């Protein structure tokens, strides 16, 4: 068999905009999400959650709840098997102590945050379950809550956990920092670097905890049947993560668990981990009936997600010609109630995009009495860049350089060694910044008082890691594609498009689904902007094998050697007889006569650390009397390598940018001094509405990724990173203040303007 | 368990009767009693719009209304939007303009947009954004949703 | 010889050496060779006989998939980096 | 949610009877956009929920020479879609179009917003500025309560457990008068006021001087607050920045806000001053027929 190497401009399918296969079900209300499961004889479970941020559980009395008519089963932490403290890789979502994961699902000895689960009830309907939960009596011994990184790192802070969280790159700190672990990276000579700097800026920044904010809650339905097998219907980024977590936490064999992924109503990093699943499993086991559990919105905010609050101290220096020479970053990130937040990603993303010869980063992973942090779209990056990109802006102004030119002068390019020690993979980083600079927005006049313009530039890496795909040629010559990659935004289509491209057929000839954990090989979850890139490669590997086997069938039909068969654009031809050619579909429909159906299953692990870059430009107007910031115009340029479906890529850029705008301006967890969360609703957790935004001009640029046959880079996360720093720079341009705290809420802007006025009076 | 009430309504043009407890919201009745699961629960307190339906022509959040209150009402849900399998121009525009990603908020947006176009067949961008502000979408950043509504309005030629 | 970049947390064991040149045909042999030069390195990198779950091995700029069994070519460059991901 | 009974009386008499017999254990339901949420959050646990929407007196809107009467269960949307109301009471339109999203406005009632007595309620300052009166009945008789006296603490009103708010009466605005309501929220929709202000102004026929004014502020005290002095200071003054800012400062000084998840006390204090100035200016423009 011989196939022709495809160049980007030869592509027939990749780069077009077909309508997604799941779309019709989603616009008619037919799509089945986690809550749309109704099983016969099903019970409804509800959770009792701690009203305290930090307390020892003295006793739990469930007798009144059990006595309520309609209640069928009750579980507490005592029903969970005791498992060892063991650090495990949670796939690419980071590390975790499996015991901590179990403890987060149901507290054993202590409750560690407002909203921590400590008991659950299954009843005939959700209202009865809810009422029963309130009848559970718990006696607590209150402990001091630690509500931010600096309190947790204070010398006299009480120790939250007895066990430590030893890591290789991240090590327990000295005894006087009982709740923090440290990661350290450096290069060059910091002191010498700052000594040669002509301008140095040093500032401190803080940011509050914020949430992924998916509109669909966490919902799971578990049926523990009489054979001891569990079936789980749930909304998740990774059915295998759920399966493996459940097996560990419940101490049962993996083979007994089948996880069926439902449509996912948004996740953004927050749905790759068990919360309700083992609780529903134990309730199902006790009641011998299927149990559905759904979190209320306040539970989602109180007990899942979030992204960490931070304290950052940053110092950077440049030479008079605008060359960055030194940087010293202190990044303290909340881990939440258990160790293992996104500090590494904060470190790596802070370090990646500029060449800074003398560089030191100290990152701290800090336990606080808030829910355990989970990855959220480019985890840890927006906070670090909020600090660094503002200082970069200030430094550029010190030497009167255009902000884009300043960044171009300092940016990392292909082959430059990044701080963790590896070189930057191929990418044209200049392309993105030059595109922004030549965009009409960059030079458009911006008139009127209190208006300003700002930009920011970010680099993020997408994962490769393990994926599986199966291609089956149907008896009529159409093709079915199965993967294990949860589809939250159209990836069934982008994967089918790559399969169609590789097979040389129309995408309408391919159906695609997301399979359950027993019907396809292992895959890492849909995280890290990896699915279209990484699963896409695996799909194409499978397609190559399909073409190979079909070539063998063609050779059989024409009674020639397989090396006589050539394939191009979905047509198999006999090189030795120009008369003989057959389409993919026709050959496929002869499967039964040529040795049976063709099915190819492929599992492999494409490369990681594929860089992608993005540069954003924003115009704002500040109301100096109220501190309110309005977004007037927004442009986001992103290098996606190759846009498989440009509409979806624009959608990723726009959606990420708007999440970035949300965390920039208004989104935050608001705790009182005792650690009670006061804004656990979509009324007071202020995500952007349609009225808060202009159109988002998403500009796609494509510098091909050589690790992917069509040049694809992951594109899902990157654009959440720049908005906060771009908006901060625009606010500075508008009213001359430097925001030092996220979110840049009106009261903070107002206070800063007042301080500035007072200083100039 | 609570005393159930017998409620007579019309849903998507079909006479429909159901039994419900007073504490069950219209959303719960639609989803868990009648299995119209197209209306979604996002917040259960009137702040996300995922459960939007029309009651007697008025757009409401079905989580903020009791099922028993529906006695004698005409209810329109997402399940009634397409006509015998033929998509409504808004549904078609949401597909063509990719006015969705995960899709959980989509039924609510479609019901809201339908109510908008009935009242204001040619809304401008600002009017669309104002009307849809009671529907939260976390995936799209709203850009393509607004464009989809604009496209549907244009395709419908100003007549809802 | 294989060029190994010593990660920050190991430099206390390597007298601040940042690069070591050793030979070996797979990752296991490379780590054994490092242990000869810098006693204690092996215990720091391994847990229960496997590469610790928080370490990823990068060989010639690609993440190794086979752990200790990953073959190493003669003039390869080997790096220990944090195993990290995204949302 | 807890278990409760539901009924939907079709006459005021029937409702009065139900309230009297279920004294303290019944709640009236209009739009439900607050009551249902409170019941889910266990802040209210009535044994009986009485649907108020079929009671004719509570569903009526009446405009005559004396003024506007709005039944307690009339929805925000029915109010702002009424062209006559929009013409005479633009501040009421400001208020009712700001509550929740379109969906909530389709259900939420003026009466519910008043009885809920939130310090941040978006219709109450407007009602106070207009000198509105709440008309209340029970088995013991009728009461007519000025709206500025209706709320006594967060979530608490002067209503007795057996009383029903029937309607709210807003006197017809004089010639050359108008009102405006503004609130500050961090987003542009779907938020609770960090601070809000309503101002009603009556001007002389030349539109050069204030004859009288009424100013009310919200979200900056345990209840919406009528700041009589702020309005009084404008009486007889020329319409200029000096008089407006004097009123704004009085309103600001009347505020006693707290820090909470919705804003800081310091910011709220400043907002009251800013919003008072802005509402007066807009009210003046409206009274002059400029806007």
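A, B, C and D are the chain letters, set down in written order, and residue numbers restart from 1 in every chain.
Heads up, the rule we're going with is that a residue touches a chain if its C-beta (ideal position, glycine included) is under 8 Å from a C-beta of that chain, and two chains touch if they have at least 3 such contacts.
Because the structure is a prediction, the values reported are computed rather than measured.
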{"item": "Identity of the chain that, by mean CA position, is farthest from chain C", "value": "D"}
{"item": "A-C compared against A-B, more contacting pairs", "value": "A-B"}
{"item": "Centre-of-Cα separation between chain C and chain B, whole angstrom", "value": "57"}
{"item": "Centroid distance [mean C-alpha coordinates] between chain D and chain C, Å", "value": "70"}
{"item": "Chain A and chain B, separation of their C-alpha mean positions in angstrom", "value": "29"}
{"item": "Two or more partner chains touched - positions in chain B", "value": "1, 21, 23, 44-45, 47, 130, 133-136"}
{"item": "Junction residues of chain C, two or more chains touched", "value": "none"}
{"item": "Interface hub residues of chain D, defined as touching at least two other chains", "value": "1-3, 188-190"}
{"item": "Residues of chain C that touch chain A when the two form their complex", "value": "5, 7-9, 44-45, 52-56, 58, 61-63, 65, 79-87"}
{"item": "List of chain A residues in touch with chain C within their complex", "value": "87-89, 91-95, 167-171, 183-186, 212, 268-270, 344-345, 348, 374-379, 420-423, 425, 460-465, 527-530, 605, 607-609, 717"}
{"item": "Residue ranges of chain B in contact with chain A within the complex", "value": "1, 21, 23-24, 31-32, 35-45, 47-48, 50, 77-79, 81-82, 87, 91, 94-98, 100-107, 110, 125, 128-130, 132-146"}
{"item": "Touching residues (chain side chain D, partner chain B) in the complex", "value": "1-6, 8, 29, 31-33, 36-37, 39-40, 49, 51, 53, 75, 77, 100-104, 106-107, 188-190"}
{"item": "Complex contact set, residues of chain A against chain D", "value": "127, 130-131, 134, 625-628, 665-666, 670, 678-679, 682-684, 686, 688-689, 691-692, 745-747, 750-751"}
